[in-house]
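Each of the next two complexes has subunit A plus one other chain: subunit B in the first, subunit C in the second.
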Partner chain A sequence: MESRRNPRAVVDPKVRQVGFFTSSTQQQPDPISSTSASSPPLSTISPSGNSLSPVMIPPPLHNSSDTFPLRAAAAGAAASAVSPSSFSYSIRRDFPDGSTTASPGRHSRGSFVKSSVPVASSLPGIGMDSMAAAKSSSVPASGLTTVSVVTMPPGLSEKASGMEVQSDQKKPLKEKTTKAERRAIQEAQRAAKAAAKADGGKVPPVTSASVASTSVKAAKPAKATSQKNDVTVAAGAAEKKGGPSEKDRKKDAPHPRMQYDDESRVVKAKRRAVVKQTEAKNRVELFRHLPQYEHGTQLPDLETKFFQLDPMHPAVYKVGLQYLSGDISGGNARCIAMLQAFQEVVKDYSTPPEKSLNRDMTAKISSYVSFLIECRPLSISMGNAIRFVKNRIAKLPITLSESEAKAALQSDIERFINDKIIGADTVIVKHAVTKIRDGDVLLTYGSPTAVEMVLLHAHELRKKFRVLVVDSRPMLEGQLLLRRLIKRGINCTYTHINAISYIMHEVTKVFLGASSVLSNGTVYSRVGTACVAMVANAFRVPVLVCCEAYKFHERVQLNSICSNELGDPNAISKVHGREDINYLDGLTNNANLQFLNLMYDATPSDYISMIITDYGMVPPTSVPVIVREYQKEHLLV
Partner chain B sequence: MDFQVVILAGGFSSNLVPLVSKEVPKALLPVANRPVLSYVLDLLESNNLKDLIVVVEGEDAALKVGGWISSACVDRLHVEVAAVAENVGTAGALRAIAHHLTAKDILIVSGDIVSDIPPGAVAATHRRHDAAVTVMLCAQPVSGPSESGGSGGKDKTKKPACDDIIGLDSLKQFLLYIAKGAEIKKDTRVKKSILCAAGKMEIRSDLMDSHIYAFKRSVLQEVLDQKPAFRSLKEDVLPYLVRTQLRSEIFSDQNNVEENGNGNGKNNMQNNEVVLSQILSNASLPSFHQVYESGLDSRKTHKCCVYIADESKYFVRLNSIQAFMDVNRDVIGDANHLSGYSFSAHHNIVHPSAELGSKTTVGPHCMLGEGSQVGDKCSVKRSVIGRHCRIGSNVKIVNSVVMDHATIGDGCSIQGSVICSNAQLQERVTLRDCQVEAGYVVCAGSEHKGEIFARK
Partner chain C sequence: MWRRSPSFILDERRSSNSPPMADTTRGPFQNPDSISAYYQTRAAHHGVITSDWLAQAQAAVGGVTGEDQPLSSDNQLGTEKSFNVIEEFNNWRKQPDLAEAVAAIRALAAVIRASEASTMMELEIELKKASDTLKSWDKTSISLTAGCDLFIRYVTRTSALEYEDFNSAKSRLLERAEKFGEISCKARRIIAMLSQDFIFDGCTILVHGLSRVVLEILKTAAQNNKLFRVLCTEGRPDGTGVLLSSELSKLDIPVKLLLDSAVAYSMDEVDMVFFGADGVVESGGIINMMGTYQIALVAHSMNKPVYVAAESYKFARLYPLDQKDMAPALRPIEFGVKIPTKVEVERSARDYTPPQYLTLLFTDLGVLSPSVVSDELIQLYL
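Let's look at the complex of A and B:
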């Protein structure tokens, strides 16, 4: 670990100058670093943080409430005093490794299977019959006469069959033709690929157009000509099929970190996009690589296409709409909404003939995910959750019947929500409450769910404390938090981030939420968090970050430029809900004016005293350990 | 997408006498030589809605509509026609077919609209808010002929200026109040609780209800069951749902199902469920429904949403003779993308088989159907002429609709009138703002203004 950290210490100061972080000499009133100007900011971390090599972290808790008191007590005993330089994290030697965790998980899974099987087996026909029987109205029921029948593709006719006996006999015939078609398409593709290969020469045989577009790193500028050939081939194939099929969509899904300043790639991505994406014109140079669209146009366009997206599941579509319109925001809520939509998908899923559940469902999920990305870029927590779902699908034993597999998947997703999100939050609350003492003044920024739970729980325990809610435009999420806290009778102060340096005088602890914690300890969170953490650090106020472990990611990110999300530029130029206030009217289309509405920023680990997670309270330096030891387990559960 | 579409095609409409009759139900009234129902079907088909239920009042009308649909849409749409008793109203019609409704949400479209507003938008709004009912509102059309306004202009001045009074919340997402303009004489009642919860209500009279609704099926069926007196969707069901949105009597069944879970083992699960829903609801700005619900416990609410169509979209309901004239004019004029015809260089459609006499002019925004004959020295302006009409020489037709198989004698002058199919105008008849019933014969040389010709 020591050797791994050293190079970073060299790199760090250079990065500071590029990013949003102010230079270390200004920001470090810490006597240690100010005495020696050349020392990297890393040195502000206490020695205990650096000498952590044999870290032992307790095994994960699977929401089994009987272990909580034990752990909470251990944590409370170990961490009786908090200061910026001393970290405390509970160590349990009862379980040398995480091997014992399998049994509770297995047990709960079994119970889920039992409860959800009857749901899966209910047929649409039953519902209809019972409804007809239950109907009690004075008006005589009238029968339906089918006057016009369509030979529909098999996907469409599913719905109709529930209501009226419909052209079922046409189905098998249809299948055969599609099979023949598929053969023909395959032949054509193969031939086209061969031609393209002859032209380009450089393309390896496996590289089809879709592969090239998904793997950004693999593509090199030298291949430009060959790539172009491949693109035309792919387009031709899609036309033959009559529009891009679901599978194509999945393959062509934009890379999560596509570089949006690469014009050809953007054009390609746009062609397959479901959501119409008009790119904003004036973008800040430094952030050209991030997607930014005219926000006003997307929602109405997607709405009008409601019925045209055949393969889209209604639940997924609804979640996408909610992301796009901002009805759901916040890492946990977005993740839960997505997982619940996937549960619906699994529930309504039936394997098409001649396909295996594992492969087909993975493809389906992928196509849904790419739709959700178009609505709003994924958060890291969602990425982890998707990985989990896909992993579970891939690991399904082939011997399971379809209904069993579906029930298993549903319970897996349910368990992820319960254990990794809600269960984690309860553990975090138990830990964090021990840090709140009577007379504390706690500062929080934005509206983090975990912190809110902590505050509410502490209030329930009759602790006497005051909360400072710091907020920022344009989202003003803090107001929602404020409303809920005040309703519970918590003494609050509300201020905007502009006043942070003044208000920090009275604060005793800072509680922050996080969108993700990266493996170098960087906290990736709502924009403004870094500012709060730095000011707190300058005032020697401990900064505690509450973050569920499923949000951890092995990625290392040094700044908030290379990966970020751009919000609606109009949000900062206008006042929400007040159309009459428009101070920048007339300037919005000026070529010299660019709006930057960043959504996230990265707080270096130096400014974080402690991360409270479901594995205990750890210093940011221990994050890689959790990622290394438990990430695999996260995905497998 | 788990939506079922119900088209309420109605039957006979007293507003449209003498254009509609036993032979021509309202749904088959020709607009630019196509039944008005075809515009609705086209709109739905272009939105990939191919499973439709068409509800028609009266067996005969149902047979006619069904016959037309099966000839026109076979192999394109999967349409089922249901005949309901006459005069049961829209709510009654839905009650009669309620047992055929199985999807989660129901999209109800009136069969007499000519529009290009995508119905998907309503459905999407409905889903996004998880609403009980979503209403599409659109801007009040500027009716009456743009120039040479005949009776249309006069009719309009007589009519009350607005059809619907609509109350919206400050974000224009929820429907707080709806009433027909004609019903409000002096004063009206607004629910105080709704006003208090929403904080602010915007009353609009420039919007109108477009008769495209998305209903949650369970809600619709429950309301229809509970309130057997309700006859009309718009006048009874919708105001009822809007009125009771903060003290909902529906949705009672859903929670019961959840609580019936298997006993004590579920306790932990249920706790999780509560936290889960809390996280989700905390994630966004709460609507006033949620605020109200949390303020007074054990209150149930449901949402009534609106979708306000873009003003650039075209929308007309064919519910009066004036509207009929407007629609015919617009479909071959301003809103010609709806007609599905390709226009010639002169902005008109003259079927190749139509015969024109010498010195006859057919102006822009005109339509001449298949096999029609027009004599010499005629002039046709801004009019629709149906199939196989015979028109003599020296005839002037302005701003009018002539339906199939009509015969018009020499020297007639027709302005702002509707000549129904098989009607006959003898020589030198002058009509201004008249309607001639199907098969009627107008005597030679007569001169009429603003009359209705119908057999008694």
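Let's look at the complex of A and C:
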């Protein structure tokens, strides 16, 4: 993961503000925050004179280091130009006041600097805010934009340099404001009502405005307006739980698998969300049931709230931010991070008077989970782990004292991590290496942790084989795997997924990882996996999927559409490090163009030869057997 | 020898002057020249098996249990225990009608009976050792390995092991062992009964290889006065076709003998195909005599059902991905003429048929679809 992190840019000391202060009006996301070297969330930020959020989020994952110097410069420029606007529409990430929608603050690739002022026009709203995107032309707002851009990046963006996007965002923002002002007034009234109901304590007064803007935004997607911006993937849209954020609004909690094309529910969910997400404007019709949010809009907002997180445990908050920024990705890593955060929660927990430990802790865990969902939708492995934790809490005998109960819970979670995740990987490696023979050419896609362990172990056993790493945009995860394999001296070849049919003839076996395996044998994994499996099947190459048993689920999925996760659309339109590829720059707001960045896909079981789990090597048809037989054991562990 | 990528071919040429036969790059499955003892046994059986012989042999061997008979056993012997499991095994194996795995199961049951261990742990260790000895007697026999493993799992999978009283626990183990032996012995009858519904009057059955289970099925069908005819493949080099046809003709079943290569030609007039199995693997596929895969492919492409008759102790925890992913079992092949020395001969005795070409499995657990094999294995092993 470190390779993905942007080096921190240098912050102009003159404008640095140290200390904590609440953002007065807009929250200018601190772009500088990303630049500042401080990694802890409490980095000071920034440069702009405007109120800046005191808490900086670690710099975005990918990033172009070359943008940094630019960024700093831009930031400087931007800072001056930043004009606080009450409705920071779109430009930045989601401000606490739910502002603007636009720029999710992702970084867009490319030089940030350019984008800042002059570039504002040249950068089509990279996906972020639909609003912002709409108008690529706004220039004056760019000042604002740039600032926001800087701060954003650390947050959600995966690759794009937020800066650019930001700047884009800025421009449109201005215009949007004008457009929406009429509506905003109505919305403000509505929002005021909602805000009154909403958690008052946490949100600064601007919140109502932001709520207003949020609801405005909510209204927009319904119209599928012209915002062309790519819809940023909902970083944390409450897909599953959308539960009450700070307080207990349990009863109003949206249905776990909420469909996001239902307007009223979306608005309801927003009201109780901790992370105020701005919805993307330009959404693909077919995927409107999935949450799509502007990337990068939440981070600054969350940063500001770091010290106001009364109901939220800091460990959980930290993990949520790490999900938002993409620092932690991959099923196992996310699950382990979450479970370790829960261990912390248990450690620091004390039963309030008049409440029972079981129920209260379950409620707390649920609220934390809904926060995590807002940061990034849960993976299936995380869902299973949460079910396990809740089950353990429920089964705690009443007679235990609080400290005993806490110790028991902590050790249960520890055992789950060690047996089901880490231990399972060792067993999988043991089985899988028996299938690797001398002279094999093994193909793998992306960067699955289990497969990496298998390959390294086989290499240690002195088997003679070579590896073909297949990669794909925009995440380019295969490069990380490639580095790690080459460091160990394994003979590797690297290619992109476009060439898969070209190289498949020399492959003897395909090893894939999975985010989950469903009951009908369908493998739910990183997008592109289905493609690799199908081509392998056409060439009659056996496909082996390595997946721990705790990731199995009794759900059935027939296609990749009904349940998926949408990523940052900006990442598609920009190519990291290739500023000259800017053909889509002016088109992000085009009504005829929508960007779609899917994160997962479903591979039918016909293309899978065998699944290697910690219960041995099984055919895909045996997954429901394992789910059935070990459900009880799994939960009771 | 030939790999898909040219770079490997070059690597091999550059690196080795090894004789073409020694495929040193083959991983754990070395020793290409060893002849599979399992197939030697089968060949020996095939050479002599006739129903009269069977009857005589049964009479001769009947009553031999658990006695130490000095038998020269080939290959490794067990440790110097007073009770030699290999000898016991060989006693049982002499009955040609008895499957090898059943003989092993009976021998292991005798091990428990004759055991002098005083704790459960000791008994289990003894069992494990005896089973390892049996398995090492012939590494290429899948049913032997599978049978031993399943026996150990079945027998020790009882709460009786938690009893305080060792003797009662031991007797419980013995009970289960005997029961398992009984089940395995009776497996053939059960399978024969289950498969009667699938043979209808006027059908034509294609059979490949000489499986005693399939023979039992056809015998039972004939006894039930069903009218059907059988096409037998020649089954080179074992000559199973000739043997089977002689057996069937004794039962007055119309038999036609085919060349192995005439299967596709005759497939039109066939209604169903029956195979036995040397082993059933976890994917639901089977490992059987060479030629099975070929016939299954032809039958599948012509939409003819393929039925496999296999006892449940043949379920093995293997999962081959392709034909070469199994331990090789080689056998000598006679062509009748002299072959020049530079010419290689494919000497594998068996092949793997993937589950998508099989329709149903007839086992003593019932009539199953291939995907259920893994279900059963998971339930038993985990």
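What we mean here is this: the second predicted complex is superposed on the first by the 374 of 637 C-alpha atoms of A that agree within 3 Å, B and C clash if a C-alpha of one lies under 4 Å from a C-alpha of the other, contacts with A are read in each partner's own complex, and residues count from 1 in each chain.
Everything below uses one rule, namely that contacts are C-beta pairs under 8 Å (C-beta built on N, C-alpha and C of every residue); 3 or more make two chains touch, one makes a residue touch a chain.
The structure presented is a predicted model; accordingly, all values stated were derived computationally and were not measured.
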> Of the two partner chains, subunit B (first) and subunit C (second), which one does A:K355 touch, if any: first, second, both, or neither?
Replying inline: neither
> With the two structures laid over each other on chain A, which partner does A:R182 touch: subunit B (first), subunit C (second), both, or neither?
Replying inline: neither
> Of subunit B and subunit C, which one touches more of subunit A's residues?
Replying inline: B
>> According to the stated criteria, A:Y317 is in contact with first (subunit B), second (subunit C), both, or neither; which is it?
In response: first
> In the superposed arrangement, does A:M617 touch subunit B (first), subunit C (second), both or neither?
Replying inline: second
>> For A:D327 in the superposed arrangement: first (subunit B), second (subunit C), both or neither?
In response: first
>> Just checking: does A:R437 make contact with subunit B only, subunit C only, both, or neither of them? Give me first, second, both or neither.
In response: second
>> By the touch definition at the top of the document, which applies to A:P542: first (subunit B), second (subunit C), both, or neither?
In response: second
>> After the superposition on A, what does A:S609 contact: first (subunit B), second (subunit C), both or neither?
In response: second
> Taking the two structures together, which residues of subunit A meet both subunit B and subunit C?
Replying inline: none
> Which residues, counting only subunit C, touch subunit A once they are in their complex?
Replying inline: 3-5, 8, 25-28, 282-284, 317, 319, 321-322, 325, 355, 371, 374-375, 378-379, 381-382
> Quick one: in the complex, what on subunit A touches subunit B?
Replying inline: 63, 65, 111, 115, 124, 127-128, 131-132, 135-152, 156, 159-160, 162-164, 166, 300, 302-310, 312, 314, 317-318, 321-322, 325-330, 332-334, 336-337, 417-418, 421-423, 425, 447, 449, 452, 480, 484, 577
> In their shared complex, at which residues does subunit A touch subunit C?
Replying inline: 434-439, 441, 463-464, 505-509, 542, 544, 609-610, 615-619, 621-622, 625-626, 629-630
> Which of the residues in subunit B end up touching subunit A in this complex?
Replying inline: 1-3, 47-51, 53, 62, 66-67, 69-70, 73-85, 88, 92, 95-100, 102-104, 118-121, 123-125, 127-128, 130, 170-171, 221, 224-225, 228, 261-262, 265, 268-269, 272, 275-276, 279-280, 282-286, 310
